[in-house]
Amino acid sequence: MSNALLLNDKSRGSKPGYAPSVDESDLHTEHMVLNMGPSHPATHGTTKFILKLEGETVADVDIHIGYLHRGFEKMCESGTWAQVLPYTDRLNYSSPLCNNVGYVLAVEKLLGIEVPDRAKYIRALVCEMSRITDHFTAIGAGALELGGYTPFLYGVQAREMFYELVEELTGARLTTAFTRIGGVKHDLTSDFWEHVDAVLPEVERLMIDVDKLLTNNRIFYDRMVDVGTISQDDAISYGFTGICLRSTGVGYDVRKDYPYLIYDRLDFDVPVGHRGDNYDRYLCRVEEIRQSIRMMKQIREQMEPGPIAVDDWGVVLPPKDAVYNSIEAMIAHFKLIMEGVKVPRGEVYSYTEAGNGELGFYLVSDGSGRPYRLRIRPPCFALMSGLKKMIVGKLLADIVPTYDTINMIGGENDR
Amino acid sequence: MPTLKIDGQEIQVEKGTTILQAAQRLGIRIPTFCYHPGLSIAANCRMCLVEVAKSPKPMPACHAQCADGMEVFTNTQKVQETQKAILEFILLNHPVDCPICDQAGECVLQDNYADYSLSPSRLFTKKVHKAKAKPLGPKIILDAERCILCTRCVRFGDEITKTGELRVMSRGEHSEITTFPGKTLDNPYSLNVVDICPVGALTSIDFRFKRRVWFMSATRSVCTECARGCNIRIDSFQNKIERYVPNYNPKVNQWWICDSGRMSHTRWTANRVTEPRNTRTESSKTAISTRDVADEMAKALVTSGKASAFVLDASMPNEDAFVALRLARAVGSRLYLGGRAQNGPQDELLRLADRNANRTGISAIAGPSPLPGLAEFQKDVASGAFKTVLFIGGEHEGPDKWAKLLEKVSVIGVLADIRSDLVDIAHIVIPAAVPQMREGTVVNSHGRVQRIRQAIRLEPAGVVFPYWRILKRIATTAGLEATWNSERAIFGEIVASMPQFAEMTYDKLGDLGLPLGSNGLSDVDVDAATRNIDPSAPQYRKTNINSRMPWQH
Amino acid sequence: MLELILLSVAKVMGIVMVFVMAVAALLTWIERKQSALIQNRVGPNRASVAGLRLGGIFHLAADAVKMLTKEDFDPETDNPLMFRLAPFLAVVPVMLLFAVIPFGPGEHFLISNVGVGALFILAVSSLGVYGSTIGAWASNNNFAMLGSIRTTAQMISYEVSMGLNLVGIFMIYESVNLQDIVIEQGSLIWGWLPAWGIVLQPLAFILFMTASIAETKRAPFDLPEGESEIVGYFVEFSSMRFGLLALSEFIGIVAVGATAAVLFLGGWQIPWVQGTGGWLTVAQVGAMILKTLFVVWLQMAIRWTLPRFRYDQLMRLGWQYLLPLSLLNIFITGVVLMFVEQGRI
Amino acid sequence: MAATVRPVQRKEFKFRESSYLPEVLRGLAITTRQFWRNLVGQRDIVTLQYPEVKKRYPNRFRGRHRLMLRDDGQVRCVACMLCSTACPANCIHIVAAEHTNTSIEKFPQKFEIDLLVCIYCGFCEEACPCDAIRMDSGRHSLPTFSRSPQNIGKIDLMEIGSLSIAKQGGKNA
Amino acid sequence: MSQQVLDQIVKRFSDSVLSTHAHRGDETVVLHRNALVAVVQFLRDDPQMAFNFCVDITAVDLSAMPDYVGPRFEVVYHFHSLSHKHRIRLKVPLEEADLELDSLSHLYGGANWFEREVWDMFGVRFRNSPDHRRILLYEEFVGHPLRKDYPQRGYQPLIDMPTLPRPDEELPPLASEDL
């Protein structure tokens, strides 16, 4: 890979902190088998590690997922294309709007329509707000499970401010169901940007506090550095995307490499690490929050008034005024609700940068109003498949920060 | 044999074929309102206008006949504009009624607007108001505002039933469908106008507001009300039958069904037998099961031996009849063919006097010597020949007082799907499934083998069963071997043993059925089959059923 | 004799039951309240008696009722006796510590003036490990087992540096009797600087605090519990048994506070105020209590600030940093004392 | 665009960081600062004392459903079932019936929403072609001791509407 | 850009390529299953291709697709090249009677879990897979739920579930009882 984006400094390597210095091969010990999870504080109730421990060193691990399997893809096949949308809120539940946007972009790709500029800006805006909430959750939860309850709550406090912005915009904090095939549900509220102005300094202050409590703290540093390390080659081979791939030095970001919405009009940096350890992932997340805030400011400047949905009654519900008063709009409304958007027969794979990496939707349509097959390529799934590589040989306690920095979200991993 | 081109595709058709029919054969859809394949052509809605090369004006495809060298375009900008204009015009006075209109979901107007226009109206005039919810007869309500004056209903009355109750009154935008003064729309086929009405102008009082059509699941089946065997679609919701709608079968009923057949599902839902009963033993058990009474029946049959009789229902499907015949012959019982009256109302269109669905089929299975009927049975019973009688089916045409006739019979058993006098006097009552709850085949009076299909679940579960399952239980208890496990398996055995059914299978019977003795080969002409997908007739286009409802899977 | 017994009982009741237990119980509330304030929250404030909330202090009672009424769950274990004994083994040693801690001048605020009081503290606090180790081991649970192993290793490791830290104090004050040490701390250096342990032994104070937080198994040294890793050594304990284990931790916090106050913060001494008797004694007892509470507060603040160590890092800290530094501290103290005795300073 | 990839900088740990203490003290400074700020001034506390102090929900907040009324106080809904069709959770159960007033024709004899099943997606209010159902009551679903109170019926839904700030009935309601 | 990839595959593996298309800009190659590993190996190792990234593996049950004639299943692979920035989709049709395919686990570390999911949901077996267990569902699960013939409301509780009937709906009986 002769790419300028790859910044992995191989010479540094990673040094294990606790290689056994004595030959212990003649000491007959049994491995201790430990069932960690699914009901365990660090595994969010959705993962089970069957650990083979040598003392506290993980000799082998079998990762069981699926405790949050809801038959998502099967459910989607029974609703209309529009009815799938609330389900996507529950994929990555720390950044629901990213999933909303990813899903409607996929359907629009299959329909072959392009939404108006303002809708794109709004979508990008909500995506970035969601990314911020996602990263605050990941950083906070990571700190929490290392025993740092205070930075967690500061992170949550900052996240809460963004949730309130999201609530103002969409009507719900988490179950947003905000985007629509062909546009978005609402325009921005009139005083939205004023609220953003009020929130950002507060967030900045909290971020500084979190930074002071964690970043240079030796205890935190020791827990994160050279823990959960994965090499660049392994990360690519396991299909890592998002922060976890970038922490190994690959500057791959869907927003940059395959710009969707209006990301090609925004000026932002893609933070990359170079060692691929937990600390790099932590730093990348912090930096991405800053970049997202930067993008929000640019969106504010670039956004112009205009329609927020395509003008096609076959895709988007007619305006309510027209529905109440004219039979034409009423019929269009009825057809759309009863039968859903008629998506032409075909298949597409559409991908966006969600909180954890490349969130892909592979859609197959049989031409009816319902998805024939709806496959989600969750970023977490690939990360979880590589997790074994990251924790074997390390200590039991290292599972916790590693698991947290890959930010496994049961909703999208188990579907 | 003119050869013409439609949208670039070439087709050769017989003389007299219309452009619309030719296009349908090519799979090209042309929107229509007033056209119906079973009625004469009116060409008054103008929805099917297509562009024909060298013709200055668009032509109505339903009316224009194909000519040699014709070039037809169904999708040019001009056609599209025409269609939009026609729809705009038709919708001009249409009320904003979809929320309260029963047709929503199977409305041709909705479909055509969604598929061929989807643009807002440019006309802002006050809508003309006409009569709303005006009863035309005891079964039908007219909403004149919704009517688009396609005159399908008028033509139906004129051409099919030849009663001609309906007419268009007044002129221009005040035109309105109405009955002649003093007349009501009340003929044995009147509800068909509800089906053929492309919009929600004519609605059935029975089905009005009952259920949204897109919630219902559809099952293709056969009406068991008379020996005609009309094809129907059973629309059900949450395990409840909501309505029957005719299904197109060129060999049986074409597009129509009689009103009594259409409403017959109410007979089944109102009078079902859902509990086993045994009045012979003072049962100490609080609840007896179907299994208990079936075993009791088996004992009675075995002890009576030759002094027992089976009375078959002439409506029961072939599979049940087959099992019943086997069982009766093994036990040594006498067999009679009972059933409902054979002198019901009849006419030239569909209705037949024999109110039983499967007399032909049972006779075919019973073999060369015809089974004796109820008259013989009455005679034999009166002579005291039987100690045990098992009636299959609740309804048998009989004397006014079954009780008196069956006085001397010590065990009267009924496998009853429907309540009747007979069920009331029976000693042993075994509840059985109604035809909509089961699979099977019936043979109509013309010898056409057709499938009935399960539209709703067996209910109450574990209490009611199809006849053959009960008979199988009786046979097993009586010490006989019975190994069938499905209707398909029994039908396979019928096919194997009866040459008239040779090589038939459920799959080969398909939607339209096969005549007896046809070697399992299809006898449906292709042309009729293509007309089956005619989108203009609402009852035949692919039903717009919301399959999302999870309890339907 | 009877008088002595009655007096001892009174002192035990006064110090242990009134002060220690009350503070320990209160700590459960203080901890929640303090962490809440640190984290921009309000903390528990819902329990109310007759409409009075008093900042949620009644949660204490609610907790007690809850602890006492919850199901007492017995895991399937081979050693039910050990399992049941463990909470007592945990709580008794930490309570014993208060036997030698002087809360005020004279004999009345001290249960027993043991000559080797400081050594008694070291000895008894080592016993605390048995409670958690045995309890965890008897729980028949792998997570608890890991916790018990961690407890043992951690306690033993930090025991060493804790003891060594005190050596400096002993050298300076030339006594191992706590009351003597406190009295010694009443003097002033250069006429204005109180001769407190923290002044004379600043390094030892830091090391002692570190080691004793580790001894009480509190964050950032809460590895035996480590609720996000191994759930904790008391994972199988419920109701009041769990309550006792938790209580022993809180009593431990008070004990550390009191010990640190006695050894490093001048005990009951009020700086620049000499003498005893009358209201001054009351003030001195109050000072002791305030100092204890300050150290308790400090421990709480640390607990809500820092993330947790990892096992190997904890060991490294204990043996590679604390131990050498403790030795260094003794060495420096010795050198300085030598110079002082030679009159060079 | 300018630099697209930005390597994150990690600090080389010098004595100050690796000796634990200064950073620990810095952390303690932050927590102590917050402790005293909040103890004395109550300045940064974000907790909402819920039952006494209620959050002001934004206008778009999707709360419990309400049924709008006609001018004469009757329910506006005509039982078209679009809401139950659009509902991804199947939580709306309507039974339609014929109204005695022929100008109304169709009305919901039964209109029930099972709030335990509801996912508050707002599709029902979007699907309603008569502006009969809305979720702007500004009230969230309350906990109950059993399931049945969560299955709210027509009358309750109409009453929730009457408590709302928004105008009832009329053309622009 | 990816069109070249398409052309290259068609050129090199003309025998095994069943068809190609590029609907909505997604270049797709339909492959015979025997050629899968060879093609993927080529895609990964050829410097012109350099598909170092296995994005996704999934499958589609086409049995309910209207007007479709052909093998029932299709296993769908998505690949991505980080250096060349191109993507490709491979599809391998499989008959229901013979649902077996070579595993790609030796080429991509992440392939195994994706393949496990395909096995779990569709019942496609992967030869030479290092770990061939169910992944999202439990081992005792019967059937493969994303097949179109699996009922939408198929309950398979490991322990008896309490029945909580909804107001106007009852749970369907688990099995039809024989008399």
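Each chain gets a letter, A, B, C, D and E, in the order it is written, and its residues are counted from 1.
As a working rule, a residue touches a chain if its C-beta (ideal position, glycine included) is under 8 Å from a C-beta of that chain, and two chains touch if they have at least 3 such contacts.
Just so it is clear, the structure is predicted and the values come from calculations on it, not from any experiment.
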| item | value |
| --- | --- |
| Chain of greatest Cα-centre distance to subunit B | C |
| Taking each chain's C-alpha mean as its centre, the one farthest from subunit E | C |
| Which of C-D and A-B has more C-beta pairs touching across its chains | A-B |
| Distance between chain centroids, defined by C-alpha means - subunit C, subunit E (Å) | 61 |
| Subunit D-subunit E separation of Cα centroids, rounded to whole Å | 39 |
| Approximate Å spacing (C-alpha centroids) for the pair subunit A, subunit B | 53 |
| Centroid spacing, where centroids are CA-atom means, of subunit A and subunit D in whole angstrom | 23 |
| Junction residues of subunit D - those touching two or more other chains | 24, 27, 30-31, 46, 82, 85, 129-130 |
| Shared interface positions of subunit B, touching two or more other chains | 98-99, 104, 214, 546, 550, 553 |
| Multi-partner residues of subunit E (at least 2 other chains) | 152, 168 |
| For the subunit D and subunit A complex, residues of the former touching the latter | 1-11, 13, 17-20, 23-24, 26-27, 30-31, 46, 57-62, 82, 85-86, 88, 119-123, 126-127, 129-131, 135 |
| Contacting residues of subunit A [partner subunit B, same complex] | 78-80, 83, 312-314, 318, 322, 324-335, 338-339, 370 |
| Of subunit D, residues touching subunit B in the complex | 78-82, 85, 90, 96-98, 102, 105-106, 129-130 |
| Of all residues in subunit D, those that touch subunit C in their complex | 21, 24, 27-28, 30-32, 34-35, 38-39, 44-47, 49 |
| Footprint of subunit D on subunit C - complex, ascending | 34, 36-42, 206, 301-302, 304-306 |
